[in-house]
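There's a structure below that I have some questions on.
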Amino acid sequence: MKYILEVKNLSTAFKLQSGWYRATTDISFALRQNETLAVVGESGCGKSVTAFSLMGLLPEHGSRIDSGSALFKGEDLLTMPREKLRKIRGSAMTMIFQEPMTSLNPVLTVGSQIAEAVYYHMNVGKAAAKKRALELMDMVKIPDPKNRYNDYPHHLSGGMCQRIMIAMSLACEPDLVFADEPTTALDVTIQAQMIYLLNELKEKQQMSMVFITHDLGVVAHVADRVAVMYAGTIVETAPVADLFADPRHPYTRALLKSIPRLDKDNKDITPIQGMVPSIDNMPEGCRFFARCEKKDQCRPDEFPQLLPLKNSSNHQVRCLLCE
Amino acid sequence: MNTIARFKHFGTETYHVFNRNKTSWIGLLLLTMLVLLAVLAPVIAPYDPVEQHIIQRLEPPSSQFLLGTDYYGRDVLSRIIWGCRVSFIIGSVSVAIAMFFGTILGSMAGYKGGYFDAFVMGVMDVLMSIPTLLMGLLIVAILGPSQANLIIALALTMIPRFARIARAPTIAAKSKVYVEACQAMGFSDMRILVVHIFPNIFGELMVMGSMWMATAVRTEAALSFIGLGVNPPTATLGGMIREGFKDIMSAPWASLYPGLVILLIVFAANLLGDGLRDALDPKLRNEK
Amino acid sequence: MLQYIIKRLLLAIPILLAVVTLVFFVVRMAPGDPAQVILGDSASYESLTALRSELGLDRPIIVQYGEFLVSLVQGDLGDSIIRKQSINTIIADVLPYTVELTLAGVLLGVIIGLPLGVFSAVYRNSFWDYLTRIGSLIGLSFPAFYSGILLLLAFSVYLGWFPVVSDPDMGNLGERLHMLVLPAMNLGLIMMAYVVRSARSSLLETLGEDYIRTAKAKGLPGFIILYKHGLKNALIPVITIIGLYIGVLVGNSVLTEIVFNRPGLGKLILSALDERDYNLLQGLMVIYAFLIVLVNLVTDLTYGMVDPRIRKQ
Amino acid sequence: MKTSTKQPLLTVNRLTKHFHIKRGFPKSVSYTVKAVDDVSFHVNRKEAFGLAGESGCGKSTVGRCVLRLIEPDSGQVFLQNTDITGLNNQELRSIRKKMQIIFQDPYSSLNPRRTIGQTLEEPMRVHKLCENDNIRDIVIDLLENVGLSAGVIDKYPHEFSGGQRQRVGIARALLFNPELIVADEAVSALDVSIQMQILQLLQNLKEKLSLSYLFISHDLAVVRYFCQRVAIMYLGKFVELGSVSQIFDEPLHPYTLTLRNASPIPDPSIEQAFAQLKGEVPSPISPPQGCHFHPRCAKAKDICSREYPKWIELGKGRGVACHLYG
């Protein structure tokens, strides 16, 4: 079993007033054990939708998975019975969300919310679940877990709530954690602590992680590999060092050129002109075509495939000019 | 051009609101029919509502009296039609008054905040700790039963409700950044309140107006039933039940039909309000 | 939590005081001189003046108000000048009937309404949901006196299951309960309509919250998500609605008592109006206001019990 | 006109804003949140002055106090020679034409029920800035200035993307030809590719219209790109002030250093020491005694827990509040 998770050609559609539209198209990626894949892209590019599709958390009405397979430890997440998926969810495969404050139940104590995950998956008694919850709180470096156990979410800061969420997701020693913008709602100093904590825990637990973010700075410090998404498709995927040193897709290149850096004077910054196409008005061909620097050399009507580069099979690009 | 565009937008918005929710259509249709009935009472009603056919007392429904006659030999159908008129006048006028004063008080309190807010809402809280029916009962008992007094009584009980309804969205709208933007633009408080905040609470007010109209009609009927309504022999739906109640075993039509009509009016108004609320709720908007 | 209770209690006092004041002055505005009412139209001027000073009506209204407050604080509502009886006794005689009726109505409404609302939310947009929604809308459109009459006709007159005229004073507990069934059902059905609707919409809103998604991501069984995570949060607005509509319920209890001819505050209030017994009317209003404030207090406290965020302030 | 070129456009002198909260029962204790505590700075003409710090540090409150959308408790705010803290409502309205604000959230800063045209025309009508017939032309001009076509004038905000809405917000701020614009997290809610478009627009407008900015942001990289000088805030106070290269290349205050080290740089080849960062921002209700930062400071000395450090001017417009440099 080479990969923990192997996603092939996943497409998810949503229902809008005028019909069904693809939020993601042809998503394929694979994840090794103890590897972090950062999925990076702007809002609406389909990065969260991908994670929600795999977790089985899409809204029941108004969304559907059109095609694809997602093998998690050899079994297809998309076709397995709901009850089986539920048992995997929260134990072997978990998720951390963006808004720690609203993602915790306001009327239950934070400790019990962690213990609950243990209790329903690990076949242990309430006391053992509580003991495990305290252990987990200690592991995510919450000071004085015994007293914090009975606190309600509104007693804690955003950073502390996110630590609770992380503890909850680690409760049953998962193989795979989806982290959906886990640091976006936090201040930079707390974000840095959270990045450090997640990296440390990942090593300790030997788990794999799909880290969803819009912040290339964060990507640089958490990822082993990166998948860049644009308008519902993965346009480039590569090991993190390659992606930053040698970006191939025009979007990735433009993106890296358009973000200011704190350690430089930023004289050579150029913004990407234009806008992301909207979900109900996707072009037939390459979705970045209208904004692409090299569009004069390209064909507008052909939808490019995600193909490996000739010299490096690890580096895949969806661009007609890179084939 | 500008006004036309605005009007068109408002029109399509309202149309979409109704279109999104079929029940509100049914409610509106039902209510319109009943209002028409009330408005056209002089034309439609087969008999004079107070005309007594002494020899034909408590007649069961027949081709002559479609819904029968009451204890005094008056045509039940005609009395129901005229009674609707009273119900609608009292219901709509009292709601209009309550909405006017309640909205002004509530949105001012919400916008100004501070002690003014605390004082106004304190008074409203006090008024609201007397149940609607008892408040109506107290006021009518003291002022005497008449259409005007009933309207005053009902409006008084509803003013605090509308004040509350208007206040919450005003506070919500006040915290919206665009209101702050208006302040930065140097607009006066009055302008911000009327032009920028009020349209936001309009939808909610329509919903509540419809639902409280239902309550007002019901309360008026209850007061008439108790004997504190508009003085006889004026036909009121509640009063008809009161008079017919004595003979309910022998002549159920005299009290059951008017009751059914009250139910219909209240139900139609509730249906309309309920449908409007669903249609206006942004959370439910994308559901269909 | 104790602090919260004390705070709520203290906040209730000014409201109660204001309501009592309002009632006192509104009742004084009533037309007709109590002395005249007692002695009739043919009474002489001398006897009227004598009675007025005996009743204390000739003193400034502020003094009367002060005395009214002082005795109120001591728990004394004064005497009915018509019935020549302590108002406390008059009210105490019938209060249990109203309380038992109202409580039974609330209980019935909540016990049936809550599960029905949950059912309706879970099977949203199904045929049964639609039926429940229309049914509850009809339910809350019913004037209580009309639904009472219909119940009476159906169950007492045609089916003969229940007595037509209730006289709960007679008989043992079983008979008393027997007579309570129909009136309580009348109140309960309307209450139920309110509960169903608020439970449904509140649960639907809650089920869209982020923490429900978290609970799903945790892989919890569906019913745990619904009951432990959903319902507890959804209850908070439902409690408010229940508290609010107890006010409506009190009004409905008056109508119910009249239709079912049950003793209680409602019937008392009507006879007070008939007899122009303004002291009694005032006493009844005070009692009603007191009950409503009490209900609001209980609502607030339940709120605090369910929602830890409120407790904290 | 010699003085006006040297004189700063905006001078903020010892600005203070405290919020009072009552908590507890029955013995209620009144807490004071020192949202802005004794803050002084100036903004030169055609300059972008940055205010940076984490959430709750008081940077937005400073921005709103400058416009008097929030009334400051004490201190002065001079726009050139006018102390705006002493103005009555009438005078305030006219001075607000010279100072405008761009908000963070492009979604809630436009009234959803009004078209772009209505939103932009209303202030001109209310203040009778020009003949009614000209208003539409002026608005169209303005829209083109911010990179929108004249065709958007009858559209509603919900028909726009975040970036386009922010352009409308900028157009609104430009209506009165202001001299100073307070940009409160003006690009924070936007996607990275759009952020830079908006920043460049602001930059171009600055040149074209001789604007100055008070630029409030939590994103240090954006501040470095956009601003010439910057002040770092922590719990209501300035901890350090200077030019962007001074502050970000050679930070003096340990908190500035912390912030810099915590901001992830989009380059995997740069190692960043995230492990050293400790603690969270304390509640502004009860900031630590002495220097507010000392519990989290690696270099804290005894005196740091006792005394709040004085503001030290280091020349070249640079200043810091830290005992290490006393």
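Details
Order of writing sets the labels: A, B, C and D. Residues in every chain begin at 1.
Everything below uses one rule, namely that contacts are C-beta pairs under 8 Å (C-beta built on N, C-alpha and C of every residue); 3 or more make two chains touch, one makes a residue touch a chain.
All values reported here derive from a predicted model rather than from experimental measurement.
With centres computed as the average of Cα coordinates, no chain lies farther from subunit D than C.
Judged by contacting C-beta pairs, the busier of the interfaces B-C and A-C is B-C. Separation between the centroids of subunit A and subunit C, computed from CA atoms only, is 53 Å. Annotation: 22 Å between the Cα-based centres of subunit B and subunit C. Annotation: 50 Å between the Cα-based centres of subunit B and subunit D. Against subunit B, the residues of subunit D that register as touching in their complex are 67, 69, 92-94, 96-97, 100-101, 103-105, 108-111, 113, 115, 117-118, 122-123, 126-127, 154, 156, 169, 172, 175.
Interface residues of subunit A facing subunit D in the complex, by the touch rule stated above, are 42-43, 157, 159-160, 187-193, 195-196, 214-221, 223, 240-241, 244-245, 254-256, 258-263, 265-266, 269-273, 275-276. Subunit A contributes residues 55, 57, 86-91, 94-95, 97, 99, 102-108, 116-117, 120-121, 152, 154-155, 165, 168 to its touches with subunit C in the complex.
Subunit C meets subunit B in the complex at residues 14-16, 18-19, 22-23, 26-27, 29-31, 137-138, 140-146, 149-150, 153, 157, 205, 208, 247-248, 250-252, 254-255, 258, 269-270, 273, 281, 285, 288-289, 292-293, 296.
Within the complex formed with subunit A, the residues of subunit C that make contact are 209-211, 213-221, 224, 228-229, 232-233, 306-309, 312.
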